[in-house]
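Heads up, the next two complexes both have chain A, just with different partners, chain B and then chain C.
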Partner chain A sequence: MNRLTALLLGSAAAVAATAAPVSAQQKAPLSILRVIDADNYDPIRSTSTAAAEALYMLADTLVSVDFDMKTIKPGLAESWKVSPDGTTYTFKLRTDVKFCDGRPMTAEDVVYSLKRWTDPANKSPVSFRGGQVKDIRAEGDATVVYELKEPYSDLLFQIGLSFASVVDKNAVEKLGANFGVQGFNATGPYCWVKWTPRQELVMKKNPHYTWGPPIYKDPKPQIDEIVWKIIPESNTLMAAIQAKQADVTYYMPYIALDTMQRMPGMQVQRQDNYIYDIFMGFKVDKPVASEGVIREAVNMAVNKDAIAKAIFFGKGQTLPALLNASVLDFDKDAAAKMPKYDPAAAAKLLDAAGWKAGADGLREKDGKKATFTVYGIRNDVNPRITEAMQADLRKVGIDMKIQLWDATVAWGKLATQEFDAFVMAYPYVTATEALNLYFNSRQAPTPNRMNWKDAKTDEMLKAAATAVDADKRKQAIGAVQAQLTEANVWVPLVSQPLWVVSGDRVEGVRAHGVYGAGLYKGLDIKLKR
Partner chain B sequence: MSSVTQTLAKGQAESLPAPTTEDFIVRRPSVLRMLVSDVGACISLVLVVLVIAGAILAPWLAPSDPYGGDLANTLKAPGEMGLLGTDGQGRDMITRLLFGLRTTLLMGFASVVFGCALGGLVGFVAAYYTRVSGLLMRLMDVLLSFPAILFGLAIAAIFGPGLTAVIIALSIATVPLMARVVRGSAIVVLQQDYIESARSLGMSDARIIFKYLLPNCLSAIFVFVTLRFGQVILLGAALSFLGLGAQPPTAELGAMAADGRNFLFFAPHVSVLPSLVIFVVVLAFNVLGDALRDALDPKLRK
Partner chain C sequence: MLRHTLQRLLLALPVLLGVLLLGFLLMQVVPTDPAQVRAGPTATQDIVEAIRRDLGLDQPLWKQFLIYVGRLLQGDLGVSIINNVPVVQELGNTIGPTLELMVASLIWAIPLGIAMGTVGAYFRGSILDRAIMAVSVAGVSLPVFFLGLALIWLLGFKYPLLPFTGRMGPFWTWDGFLAIILPAITLGGVFVGPVARMTRSSVLDVLGADHVRTARAKGLTERAVVMRHALRNALVPVVTLIGLQIGFLLGGAVVTETVFSWPGIGRLAVGAILSSDLPMAQGTIIVLSLGFILINLAVDVLYAVLDPRVRGA
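Take a look at the complex of A and B:
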């Protein structure tokens, strides 16, 4: 009997095995390729883009961000009201929302998630993004009140980020530290199936989902299963897309984009409003980097246009100012103060300041050599960007030493005081957010790696963050942009473009890119076969 | 016919001197003659000489500045700009290859010199002073069990990546290998009668080691050094490929190969050319090392 059972089971398994490829072929999941995985997928614990890009699909936020990166649209909240003093936000929730396990979402779930995010006890690295919270409470089943100690002009943008995702309390409590590692439950268009770290994250359609943000044509997900695959090597990633082993990626090497565009059936699109900027920041309290003249000369000596063109193969855009021109509250007057590319003028400036060229061509002043060390992450573009800058700076007698680190150790190294400057790429949604994140003295030593501690900056940053009036906010954050531009604390380099490449099996892909998430909610995407 | 034989025999008998002890010694061909008779060895010798000359004369041979980039002319194919094209920063490939060769050979040379000096010392001491032999050789066994790449990673983590880190790692990785080779051949030499004679004459240990032991082990050392040089270059290039070695803008063959891998499908020359140079250099040193071993091994002499 046992033998017979074993035989039958074996035959069934064999039949299933042969049948499996057929059914898999019929319902082949949408395969999205990326180069790096997140450390976990708990919205409040991971700051990485790799987590955000998946979390937007797995969970929802109260509000959504439109493709222009400036307009806030409804999300889980149908509407909201802000009190005249800017301290109380009242969100009216949708009543048709369900978690992946079928349980209806209530105001209590939203309160729990937002408190979890902002409560200092949870030690979330992103809790500061929630502002100075006084209280978050539910009023009835469909109203949430978010009360602040002081106005916070960025709140709606921050609540639209994946960190403020609404999650299921039961799942969080059940899984504890393994929430977002071994399992997940939220109200996103797709539901967590399985995560194999550094390999793949599998998600399936949320069968209840009908509440997609109005920025999409169809509020319902169209794909049964999505697999996010990690291919760390960019040549392999390119070959996989070319060979149609995968459907979508926004990590295609820039050099390959033209070739992809020429391939029949392949769609290549660019998000013009993408904000992911690359800059070099100086530690302003280090011997050479503390010299304003050196910083200004570096800003003048580096040929940013050539870098944007050559390193990104014609697909990059020069970052002409401290911030991206597409960002909310970008200040044109401050941008005009940014030194223009002029190596001869840079050399003159250094000469006038007493930095004279020595026998080796390297400048020095009072026995101090014009040399500084830059740290950064070793990725596809940083080695080439820094080397190009190094060559430019050599021409004016400044020696820039490059030390790039593998992503696994880079963040630790970038938290030290060992370096004089650093190269970084970062996503952001508003000018107030970006500058408060990097230049508030409270944020030193990281992310304020510049050690920029200035009372005037702090005052204006606070004025911008707590402004109730949009004009006043723009004025305050504009003043910070002007001050930092004049101080040459940063060398803005390139606005990293977002290009989404999709194969002929896919339609409806539209590049979004909030916080680096190229596909955002992943709605409107359909598979032809 | 017979008259000719007779004449010859007569002539020989008249012209040849009487046989001496020298005539009973089988004359072996010299090392150089053996090397020259081997075509592979000749080619590798020429290549090694060319490679070393190219590395030494790089600043005079290179057509342009190895660090001066030209972002308007990046990734130009061979022939399109310069004989071998340009790299990702628009620098001339010939220049970068020459300077890369210089760094790579310097890295290999320094590692082999430091590693072999220390390893040789350990080997001689272990062979001569049998009391410390066990301890020293077990220590060498421990070192042997660490892969060179792991050493490189550990040292780069402590001192930061760079040529020094690679040289330290490769030197340490060379020490146990050299110690083994030297100890092995020194033990054989130590059993010879002339060592016994030197001891009985009251010569100091240092004098015996430097006057008799070292010269008699030189052939084994020389062969090891030549073969190790090729291995060290390969390992050094691998460490640089991983980003642990030469830092920009220094040209180094392994780092150059790594730089080009992102454009492998579009500008293969950026990666392929330095890889090819590594291949040729390592092959040349290996073939030369093999030929030297054959030439210096009495058992293989004809």
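Take a look at the complex of A and C:
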């Protein structure tokens, strides 16, 4: 018995003595935590932000996006020219770029990658982002010509997204469907080491890399190894950062941000230009949702400030207009047309339109009740957002029925015509991109879930998308914003700012956030110890 | 004995077939559209349909099932629709960490549970007995996820002694050993209570038996009486309970692996279901069910070994 006791005590002491400096022992790699993994890391096959956040480190694009989310800067292309008619983009490439395997990158590699992205034969769900491509060709070793059938004002922004990453043709052909699953080769600051799905993605420094975008102080990567770990349980993730068992995350629950800010050595940064907006959209051809006055009253009756404050623990931001004020071509005049929060005015509006309150407090008109069903994804915020909206709308006599679905089911359900309205969050880079994606009549029934089919909208969207002149584009897309705002097709709710939390072992972290990628290229980040 | 084993084995086959069919149908019944999930929220219907055709999801249900069973008979569980990795390969990668976690949990939980139950029975009615029973009840009542998070808070954050963000290697390496401690305590924690309670009850019965009184009358030491004569005879129902509990441990492993980011088959199952990876989800269901069936089979056989009366039943 004594021997056993001694053994147990000895073991416990040994564990305690050696386990105590666990956090100190983990000098490398840089550990980044997130809650969900990507389906794969092939730039043209995955639409998930989880893929994008790693792909920006693994690969490069011809151009880069500045921290303001509006300015395009050089990337693999050191300069570019656009033809006067806006249909031909000529990119002059850097000549010092090498793939992770050491092979120099050529114009042919860029052409291959861009064609792979835009060719309909490859069935990429994001091929439309490349515009109406006529031809993509190399002219010499360092020039690429991107020729369009019609001008496409969003092209540079789209080419800056991870979908347009330049990849190694040899690796793609060798790995086939397993490219971005079992291996990867590109020109990013970090190279693929190993991916264990739903567990971790390991990257190591690209030893050749000196061509980082000019938005960073140092164009070279500073960290030898990065491990992206999946921690699905948010409490565990929170504790891991607090206990210094990991270094960086931008998946910290909102409730914990204040605590993190108070912790010594912990850095919490907010990226105000991050664009990830939550809105409710109406199917405009459904019985109640088709009534403009109902949509307007909903916009006036929902207390968006309260939602941003209560549900996001003060860390969300009210979205007072159709689009985020940080986005390129945001139209202030159109934003001013958005109805302000005023439940009393909403009630008057409904009264005036003949929607009278019945015995149960719900309004009705011509035997039709003011009720509609909203669909959405059951995530950490949607249940509370919709419940808050439901309570607000009940006060003005509108009954909003809520049906939220598990993420595995939701996208299929949101492709149906079963619902009257839906709640959704989405990232975007320009006003033209967002509105063309969701309001062009050819995009119905998905992603144009509103079934908004309007010739004038289509015409203006096309004018914006094909504008050669920036002012004309702004004017055209501004007109669309005004039209859609006046029609109250969407109820803009909350903009989710990006919060990046990093521990005291790291320095140089700066929140970026293009297409959900909080750390973008990961340059300038250093480990102190 | 051999006949009994074969009988049990044959009875397990229809159960396995039922599991296959149920697993397949369950994944069909849920209103998930893997093609839509894979295509993403901004894809048009044309793209979704093209992906559906590629995945073979446009085929009639019966045809999909026949293809599935046909492949299964050849040992082919299909390929993940998420990352193209063969399901068998993923299962092979994750079964090891799950078994490792289960062994690490049982290796301390079974002896502790038996010891607690025996001590409780021997000192029946004492404060020690009541304390042991209180701990056992807590062990039975505490949800696995709560125990896991409480341990993370206590030993990972408040007193940062142990890592908790996943497996760091095989358990025989130092990092791997440290990383498995908290998940093993969590998973084993739910095991201790039932074993302790069953052992206490069983030992109490045996302590009042004639052969124990005879042993004492012969002048044997209390230690010899309890360990050799009482405990050994009291273990038959405890072994049965342990066998059954190991089956339920698979369920606990799903939660424990999620809380501790442990790369086992439970977490694989959760991830596959959440990402609508039908072949992977079906594969994990089959393996987990097979594990449960095999454990029950082993318990049946073991029970027959320990109690010869069962063989004739």
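Basically, the second predicted complex is superposed on the first by the 502 of 529 C-alpha atoms of A that agree within 3 Å, B and C clash if a C-alpha of one lies under 4 Å from a C-alpha of the other, contacts with A are read in each partner's own complex, and residues count from 1 in each chain.
Definition applied: contacts are C-beta pairs under 8 Å (C-beta built on N, C-alpha and C of every residue); 3 or more make two chains touch, one makes a residue touch a chain.
Just so we're clear, the structure is a prediction, and the values are computed from it rather than from any experiment.
In the superposition on chain A, A:Thr106 contacts neither chain B nor chain C.
In the superposition on chain A, A:Asn235 makes contact with both chain B and chain C. Once the two complexes are laid over each other on the shared chain, residue contacts for A:Ile307 go to chain B alone; chain C is not touched. Judged by the number of chain A residues each one touches, C leads among chain B and chain C.
Residue contacts after overlaying the shared chain place A:Pro197 against chain C, while chain B stays out of touching range.
Contacts of A:Thr143 after superposition on the shared chain: neither chain B nor chain C is touched.
After overlaying the two complexes on the shared chain, residue contacts for A:Asn178 are found with chain C alone; chain B is out of touch. In the superposed pair of complexes, A:Gly412 makes contact with chain C only, with no contact to chain B.
Of the two partner chains placed by the overlay, only chain C lies in contact with A:Thr446; chain B stays clear of it. On chain A, the patch touched by chain B and the patch touched by chain C overlap at residues 235, 239, 406, 409. The residues of chain A lying in touch with chain B in their complex are 234-235, 238-239, 253, 255-256, 259, 303, 306-307, 309-311, 378, 380, 383-384, 386-388, 390-391, 394, 401-404, 406, 409. Per the touch definition, chain C reaches chain A in the complex via residues 30-33, 36-45, 47-48, 50-51, 54, 80, 82-85, 90, 93, 149, 152-153, 156-157, 160-166, 174, 178, 181, 258-261, 263, 267-268, 270-271, 273-276. Residue ranges on chain A touching chain C, taken from their complex, read 15-16, 18-20, 22-23, 31, 33, 37, 39-40, 46-48, 123, 125-126, 128, 177-178, 181-182, 196-200, 229-233, 235-236, 239-240, 242-246, 406-409, 411-415, 424, 426, 437, 443, 445-447. Chain B contributes residues 67-69, 71-72, 74, 88-90, 157, 160-161, 243, 247-249, 259, 261-266 to its touches with chain A in the complex.
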